[in-house]
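Presented sequentially are two complexes of chain A, the first with chain B as partner and the second with chain C.
Right, the complex of A and B next:
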């Protein structure tokens, strides 16, 4: 299964993905016409700013099992069997707000779109584009490689390989006297830094 | 293996779906006392408000079930024989099982003055909603200021019914919210046009000509077409109790959702699991918890031995003018520190209860975007990696909490 992988450390906050997302989900599909449509198409990817003004792309992770799907009262949220994506049927949605409560990543919004009422709104991993053999709009437009579209297992393999090779290089031992890192990514960053110094 | 499910609502249905997902060939029988296709009970208030039609409440297409699934509607389970591993239905039919899930849910509490002849109804099953629908014209009295009462009041308002709400406590939602947060809801309800009488209760109900005359303890008399009672729920444990399964307030289960009887599981409103925020066994009678427990019960029925980590009480109340998301326990207690901040110009309010740096309760008013994160921290009992003052002040965004470095 292919997924959109987010590399927050690479994001520069240009918001192009948000524009591309809106256009991809608009009726016209054109960047010129989309802003003038009667119902404005809203982006489904959110770029948060941290207190240090770092950009953080945040979108639906299509969890399995999905907390939003479990909390959805009218079963408007469902898993599409062929692609494994978690999708929303806006016609069934009763706008009760349970999915926003359940989502650990805060990616659900409520907008008027497609059907004539307010309904839950989130990333569908461009399922329509994927059927045409194209990659999701946000990935296509991302210039800095913060959004990638790849096979889930391959992504995980690559990440573990990277870490294990760094550990194997023995750089870790030099770092032993330092306290533990808050996260794997922080550890990775420090290792990268050391490696650059060594080179 | 023969798996049998009693009750086909949130918990039962979720168990059925998960069983079929992970083991498509498993033989399952599900027994429901109700005559209808599985529907979502939480939408009964939307149905009363004519926001949804009856068929829109159906949440399972039973015609699409594979042949190894046997669904029995309109049949009640009378007894469970734990030794012979079999059930007796109201029709006299016997069904044997290898693994059993009890998902019998809960019943609405019926107070002394409950009398359908006096057009006083509870709201739990489709049949209840139909009865209310039959008698309602343009006014209603809603008793009880819990989530069901408030949802019913807003639903009825939607179809231009005059609603009067009678709440025995000083403010609505007193069992889940602290006073300050509840007052926001109360004000909004009053602004929407709902008449709320707090610290009052029903003394007597009589029929006067074509309307119901409700005499209150304070001496006031109110006239309406119907009375809808929302005074909480009571778990349905009679069948389990008769069979000898251990019961406290609800059916007692271990972390694998297995009851005191081997091979018998329980899930949903009828069962008592660990409350992560309270740290005691508790019944959190809400839809998402029932679904989650049904899912975990299915995993354990299939032998995947997956412990259920426990639940918290949580709810989302959304109307035209506000969206409140609350969870865990918000009451002042020893060791619990409350943080809150109100932004009147944004109509926003954030409140967080923290015990030993672990959040245990929250209420976010009109900021649904970051509410889910804190609900999940409470649910998993995870410590905060940030200053709670900054969180309620809105100085830290969800990006600060989620960014891995």
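Right, the complex of A and C next:
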């Protein structure tokens, strides 16, 4: 089963994934029209920040077993059998907050849906786009490779190969030796250090 | 439908795109695909890179930040970004105009060998508009004084730029009331940059009103000066025939392409390729002669005046080299893709830059000034001829035969064709034979299937008896589709067909390059003055179906501010502010008597424009 794999070390914090997520889940599906809809579509992916200001794209992991599903008394949260995705039926949701408390990743929010009902709200792995043979919107829009859509085992196989070469080269991480973004991260770390010192 | 047919309606583009793929050449379409999906914040105009407290963006879905670090909301950010876009467009046209003022000044000083005054009557007419007493002065003397007066238009000595007086008095009164009369060409651009610096103008209407003033400093300033001086120095265009599409490149000739915008360079290359010695040299190298062709707006300039054929418009520029028969491409500035030098590496094409303000990777710099232009032009043409023997015969592929295109419709030429005044045109409009006129202008953009927006719109407009005026990249699109020959009258409605038949002109007239949009403005002003109404009352409209550049945004703004309803085929980055979007698409109507519409579908755009023209006809009490 394909999932969205997050490579946090590659995230530059552009927030494109949040934008694309909102558009993909809007009624119009258009970036020009979506901000004009009566109920604004809210993003289902969140960018967390470490104390060093490193960004982490955080979204529903579609756990199995899913703690949110187990905690949901009205059975609004369910596993869609064909795709294996954990989905929400907003009509059954009673806004009790149990799923949010149970979620180990903190990715559940409560928002108004286009039906005007407020309910639990989270990533559906773009199940509608997947049916059209398209990858999730957040993955498509990510230009730095921080979000991938792939089978976890395949990703890990690739990671194993990568790690093998790196071990032989004696380098801990490829990301550390290349790219202008690395120097920006280093700069941000220094800035944060300075801020802590001054405080 | 092949994958190439999805990208362009042009046969020559489709066939060379296939070859580009085989030759391993990356094109603008490949790069566009890699950029998709493009940044949503930037598409909406709600990202701001003006200062380094940022970069900032506003979340249009309301969950994230609603203010930049400085406190600017979506309205301020969108208005500032749009104003800067317009300033960049105005700066480009106006700097181009400035180069012609410099050449005119050097002619006046006798220091521009190879350049001369080709239209002395127009020199005197324009000098009179500047209040210059020409009595007892020769052409050089007038040239120097006119150039100096125009330099003042660029500065801060005047209260208003001179050629703004061409507008109808009602329009000038309106502009005065709104405080949008441009005072100096450079001043307005400079002030836009000042106003949009952090902490200056933060009221979106105020920012946008200044953007209007900045656009007018281009339309009635830099661009208009560019057009008028090009006519004075290189001759006012007269109607005649030329050819378009990649078929204008000839397999057995040395092919030289000029690309960019300034006739200062291309005109001189034109002189060098006609030189007997150069032609003899080409024959000694096994070619039948030298073939010069144009690209983009400098191509429009020499097509209008010298009937030099055009190889293509914006999205064709990379593909010209894929034919394998281009010995050299000489560029000046604007709209020259930085990828061109890279493409040339795959073939034998030599690339030359000519302006100290426009240098590119993989190109050789041969700087042109009014003083050395002749000498440099001969040097480049000689090297190009010598490059003929390096051509790889296995890579040669000229895909199509060229198509005829009528060109040369300057305002003077149109008035001439009408028998000396605009009255016959006004009579035809009053009688309903011609319902109105539309300027179809602008660029190509890989977001829209190449030339499909232009061609479909023009076909529908002329079928509705609406006369079309084209400039820039639209000329090539319309020309390739066979819309700019007198026989195209068969595609026009009965009234327009009759008028075209009487005058032996096409229903879609080529008016020139993108600075020559000022010609459309001059016609609009003259029509309004002749009828005695403001421009916004006339059955006119503008359209930029495939625009991409900042210059096009500026043109759209000065057209709108002149009272001309304008339909854009590509969404400008303004939708992130509901207030700015509302202002652009309807609010402006109450202020300038014209506004914008965005419609990528040319069929619907034609309907919008036709409806608008019929409304305006009703307003004037004319039959619809």
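General observations
We take it that the second predicted complex is superposed on the first by the 158 of 199 C-alpha atoms of A that agree within 3 Å, B and C clash if a C-alpha of one lies under 4 Å from a C-alpha of the other, contacts with A are read in each partner's own complex, and residues count from 1 in each chain.
Following the convention adopted for this analysis, a residue touches a chain if its C-beta (ideal position, glycine included) is under 8 Å from a C-beta of that chain, and two chains touch if they have at least 3 such contacts.
Small disclaimer: the values here were computed from a predicted structure and weren't measured.
Model built by superposing both complexes on chain A: chain B and chain C fit together without a clash.
Of the two partner chains, neither chain B nor chain C is touched by A:125.
For chain A, the partner with contacts to more residues, out of chain B and chain C, is B. Once the two complexes are overlaid on the shared chain, A:22 sits against chain C while remaining clear of chain B. When the two structures are aligned on the shared chain, A:65 is found in touch with chain B, with no touch to chain C. Looking at the shared chain after the overlay, A:74 reaches chain B, while chain C stays out of its contact range.
In the overlay built on the shared chain, the residue A:41 is in contact with chain C alone; chain B does not reach it. Judged by the touch definition given at the top, the superposed model places A:141 against chain C, while chain B stays out of reach. Once the two complexes are overlaid on the shared chain, A:100 sits against chain B while remaining clear of chain C. Judged by the touch definition given at the top, the superposed model places A:32 against chain C, while chain B stays out of reach. Figure legend note: chain B and chain C, brought together by superposition on chain A, show a least Cα distance of 14 Å.
When both complexes are aligned on chain A by C-alpha atoms, no chain A residue touches chain B in the first and chain C in the second. Residues 37, 39-41, 43-44, 57, 59-64, 571, 575-576, 578 of chain C touch chain A in their complex. Across the complex, chain B is touched by residues 8-9, 48-51, 54-56, 58, 65, 67, 70-71, 73-75, 92, 94-98, 100-106, 108-110, 182-186, 189 of chain A.
Residues 14, 40, 42-43, 46, 51-52, 56-57, 59-60, 287-288, 291-292, 295, 314-318, 323, 325, 327, 368-373, 375-376, 395-400, 402-405 of chain B are the ones that touch chain A when the two sit in their complex. The touching residues of chain A, when paired with chain C in their complex, are 14-16, 18-20, 22-23, 31-32, 34-36, 40-43, 140-141.
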